[in-house]
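One chain, chain A, links the two complexes that follow: it is found with chain B in the first and with chain C in the second.
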Partner chain A sequence: MSPIVRLENVTKRFAGNVLAVDDVSLDVRRGEFITLLGESGCGKTTTLRMIGGFETPTSGRIYLGDRDITALPPYRRRVNTVFQDYALFPHMSVEANVGYGLKIARASRSEIAATVAETLRMVGLEDKSRQLPHQLSGGQKQRVALARALVRKPEVLLLDEPLSALDAKLRAAMRVELKHLHEQLGLTFIFVTHDQTEALVMSDRIIVMHEGRLVQDGTPTALYDRPASPYVAGFIGASNMFPARVVAVNGGDIVARLRGSDVRCRANGRTFREGSDAIICVRPSKVAILEDEASLPEGFSVVRGVVRDCLFHGDSYRVEVDIREAEPFMVDVKLPDDVSHAVLPVPGSSIAVAVNPAVVTAFLAEEAW
Partner chain B sequence: MTQVHRKDDRPEGTFHIPLGFASWDVNRVTLGIAGASVLGFLYLPIVVLMIFSFNSNPITRLPLTEWTLKWYDTAFSNEVLLIALANSVIVGAGAVAICLVIGVPTALALDRYEFPGKAVLRRFVILPLTLPGLITGVSMLAFFNMMGVSLSLATVLIGHGTALTAIVVTNVFARLQRYDRRIEEASADLGAGPLRTFWYVTLPNIRSTLIGSSLIAFTLSFDEIPVTFFLTGRDNTLPMYIWSTVRRGITPEINAIGSIIIAVSICLLLVAVFIMRGEDRRSGPRRARQAK
Partner chain C sequence: MSEASRDYGRRRALGFAALFTGPALWWATVLLAPYALMFAISFYSKQFPFMIPDFQFGNYIKLFSENQYYTVLLRSLKVAFFVSCLAFALAYPLSYFLVFIVRRPRLRLFLYVATIIPLWVSYLLRAYTWKTILGTEGILNSFLILVGLTDEPVQLFLYNQFAMIVTMTYIYIPFMVMPLYASLEKIPRSLIEASKDCGVGNLKTFLRITLPLTVPGILVGFTFTFCLSTGDFIAPQLVGGPYSNMVANVVATQFGIANNWPLGSAFAMILLFIVLGIVTLSDKFERTGRLNVG
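Now for the complex of A and B:
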């Protein structure tokens, strides 16, 4: 199936020669929930605004279906946006805000009333229809903005950090709600956020952007398990990342030497040479404390160090192990059901950590952070 | 700003005079006296004028004699005065129309477009407001003479429009600066072209500023003398009429018409301030736009 939105080598340069988006190409499939993820200033919002028509690319083309929409103004695109601070019309009631798109489309009065009522019911605001935006709470404004954008039945819904103005609890609830709404409506959602949790929870696919460039495009699990660069590894989820030297290469496996230990890992298609520098990356949740060295599974490496600290994280402890690197090596220890019997490592004691080569990602040192 | 202290958080050592139901500080009393003096300084002459407009003695002099409405009666049966009043209204309304037609597009341009000379335009647009009416009047008189335009109410109207456009520009510009432009993007996003966006979204959000600044411009035009003096032909506006009458001595009739003008002006200004304030409260400050 042809993509619903296609970006071809899109570049945006602002006045003053600021390169906001640098040669981004992207296909969005119909019905997909896709997230543009990155720190502020990475070009994600500019990319979204170009799809919405609020910015014109300096070069490159944007297609909606088969149609080239690069030069079309926002009001000629079948795309609607949920703005970051909602951008509700302050002088119109909730009803009028939601009905605005239909009024502009010259729908009949009865049709507008029916669609507005139905949409407000969908977002749970049927009792607020006559209120003005400034009388609503943040979460309610958010729903009005969503209803207003959905009422025109767009082919693609653009969401520009719609949850960032909400408090943590509401944000978590809205994540789930948005995801359900997406499943229910079957629309294509393009979502922009700097919040990796949001991205991981909701998306079918995540596009990580960094300094205007697309750095990785993949499913949440792929991003988490196989980050394409040290930047992505550091940005998504917690990571142990250490510079290391490659001391042995045999077939698909390499051995990387840290200051205190040797770690075996997979090359994953990268070409390492003996003696070259590498960066290794391991998730704290994917390694385990080794109680008895004799029980070390075949092929696993051992990282030894001294316990520096033990931090309670609710359902787990994070043990920080000093392995004579700049940063401690973090290990997440899941707590047993009966917490009172848990034996925790004592700060200052020696400890060994078992590392499965399959969970270590090794990057070439030249790969950008 | 005055601060209302509760008993327990009053600063130590403040001298405290109990005055019946409320607690008063010396500070507040001093502030009250100062405020009253300023208001007295500003408004005492006006109050005096209003009082004498109801006084039966045809000479403005103490002591007050009998209470009467007859000066209002004479004022409203004076045809020359009524024509002057009508002329003033026509000039005011016309000047406001000119201000809006020139001022709103100028403010919009200043707010949203970058163009060469923008900074200069922004300052020059305000200049006529600060320029003495005498200068505006003389220079426009010279201009009209040079162009062979004969003087009439129309030239007065143009003169006022020039001087007062700055009021509309500055007010509308200030309003646009405080307003969240993304609601216009939202409107475009929902299918509205530039005209419909202006009509349905921009205009309703600056409407009260338009009304407010129109009222101010009207009021200023209504009692304008210097520019009018140079630019009028045979027609008189109300302030001109009053001025020419007063040269022969202040009559209570003038006090009466003066009192009415003051009352109407105060009402218009209050309405203007009230409307403008309501709008700002509703839509809040514009947030900084960030490129992400």
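Now for the complex of A and C:
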């Protein structure tokens, strides 16, 4: 099936020669929930605004279905945007905000009323239709913005950090609600955020951007388990990342030496040479404290160090182990059901951590951070 | 209450008095007292060459019944209305251009300051400038003769209401530009984008979003230019010619030449109440507008 949105080598250079988006190509499938993820200034919002028609690419083409929309103004595109600051018209009621586009398009009065009422019901605001935006809470404004964007039945819905102004609890609830709305409507959502949790929870596919470039394109699990670069590994989820020296290469496996320990890991298609520098990366949740050295599974490596700190995280403890590197090696320890029986490592004591080679990602040192 | 806090309270009250007694006295002597005096005098009666303390409405009745006076009042309102409309018609596109079209912030600031800066130049000087532009030996006529559009200097430009309206528009336009610029600048760009996102083109976006959101600025601009130009006194004298007397000129004549203070006071009071009425009205509308903008 042909993509609903296609970006072909899109570049955006702002006045003053600021390169905001650098040669991005991307296909969005119909009905997909896709997230552009990155730090502020990575070009994700500019990319979204080019799809919405608020910026024109310096070079490259943008297609909606088979149609080249690169030069079309926003009011001629069948896409709608939910703006970060909601952008509700302050002088119009909720109803008038939602029905605004329909009214200007000269839909009949009864048709507008019916469509607006139906859309407001969908976002759960049917009782607020006569209120003005300044009388609504943040979450309600958010829903009005959503209703206004959905009422014209766009082919693609663009969402520019729509949850960033909400408080943590509401944000979590809206994540789920947006995801369900996406499933229910079967629309294509293109979502922009700097919040990795948001991206992981909601998306079918995540595009990580960094300095205007697309650095990884994959499902949330792929991004988490197989980050394409040290940058992605550091950006998504917590990571132990250390510079290391490759001391042995045998087939698909390599051994990387840290200051105190040797860690075995998979090359995963990268070509390492003995004596070259590498960066190794492992999630704190995927390693475990080794109680008894004799029970070390075959092929696992051991990282030794001294317990620096033990931090309570609600359902787990994060143990920070000093392994004589700049950063501590972090290990997440799940708590047993009966917390009172948990034996926690004492700061200052020696500790060994078992590391499965399958959960370690090794990068070449010259790969960008 | 403890001793220390009572002491603190007393010192605060003293400080308050020290700070505000001066301004309050100033306000009372140079503003409140003259207004009160003028209000009282407007009811006095006149027996040449003296005025006699009295309470009667003769002055007001005279102003509204004698052709020569109410014509002047109507002329003042008419001129002020044209000046405000002309200033608005010129200032809105200018402000819109500055806020939405000029992209470089420094250039925008420069152009904005350039429109405001004539306010720092003496009013008289600015009014005189138009005399030299519009006069028979003036720049405009020299230009028209130079390009051959006319052989003789055109006398139509100066000493009439047209010259007065042009001059006053020039003088008061910064008071229209400032609030319009401010209200346009305050509109979040995302609202304009959201309108286009809803499928609405540029013209309708302007009419439905931009224009309604600048109504408070428009009201303030109209209030400023209208009130300032109804009370203007110099432009009629310098460039207005014989049939251009405005309220302020008549008031000046009654005080300075005709020696009829009661009539002058009454006329001044009428002007004062018209201005107060406009300010109150526009303030009320502006408040409702502001509520909606949220």
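Odds and ends about this structure:
Here is the rule we go by: the second predicted complex is superposed on the first by the 369 of 369 C-alpha atoms of A that agree within 3 Å, B and C clash if a C-alpha of one lies under 4 Å from a C-alpha of the other, contacts with A are read in each partner's own complex, and residues count from 1 in each chain.
Note that a residue touches a chain if its C-beta (ideal position, glycine included) is under 8 Å from a C-beta of that chain, and two chains touch if they have at least 3 such contacts.
Fair warning: this is a prediction, and the values are worked out from it, not measured in the lab.
In the model built by aligning both structures on chain A, chain B clashes with chain C. In the superposition on chain A, A:G101 contacts both chain B and chain C.
Looking at the shared chain after the overlay, A:R148 reaches both chain B and chain C.
Of the two partner chains placed by superposition, chain B and chain C are both touched by A:H134.
In the superposition on chain A, A:K44 makes contact with chain B only, while chain C stays out of contact range. In the superposition on chain A, A:Y75 makes contact with both chain B and chain C.
Comparing the two complexes, residues 52-54, 73-75, 80-81, 83, 85, 87-91, 100-101, 104-105, 132, 134, 148-149, 152 of chain A contact chain B in one case and chain C in the other. Every residue of chain C that touches chain A in the complex is listed here, in rising order: 103, 188, 190-191, 193-201, 204, 208-209, 212-213, 292-294.
Contact residues on chain A toward chain B in their complex (touch as defined above): 14, 18, 20, 40-46, 52-54, 73-75, 79-81, 83, 85, 87-91, 100-101, 104-105, 132, 134, 148-149, 152, 161, 192, 194. On the chain A side of its complex with chain C, the touching residues are 15, 52-54, 73-76, 80-81, 83-85, 87-91, 100-101, 104-105, 132-134, 148-149, 152.
Listing the residues of chain B that touch chain A in their complex gives 180, 182-183, 185-193, 196, 200-201, 204-205, 282-284, 287, 290-292.
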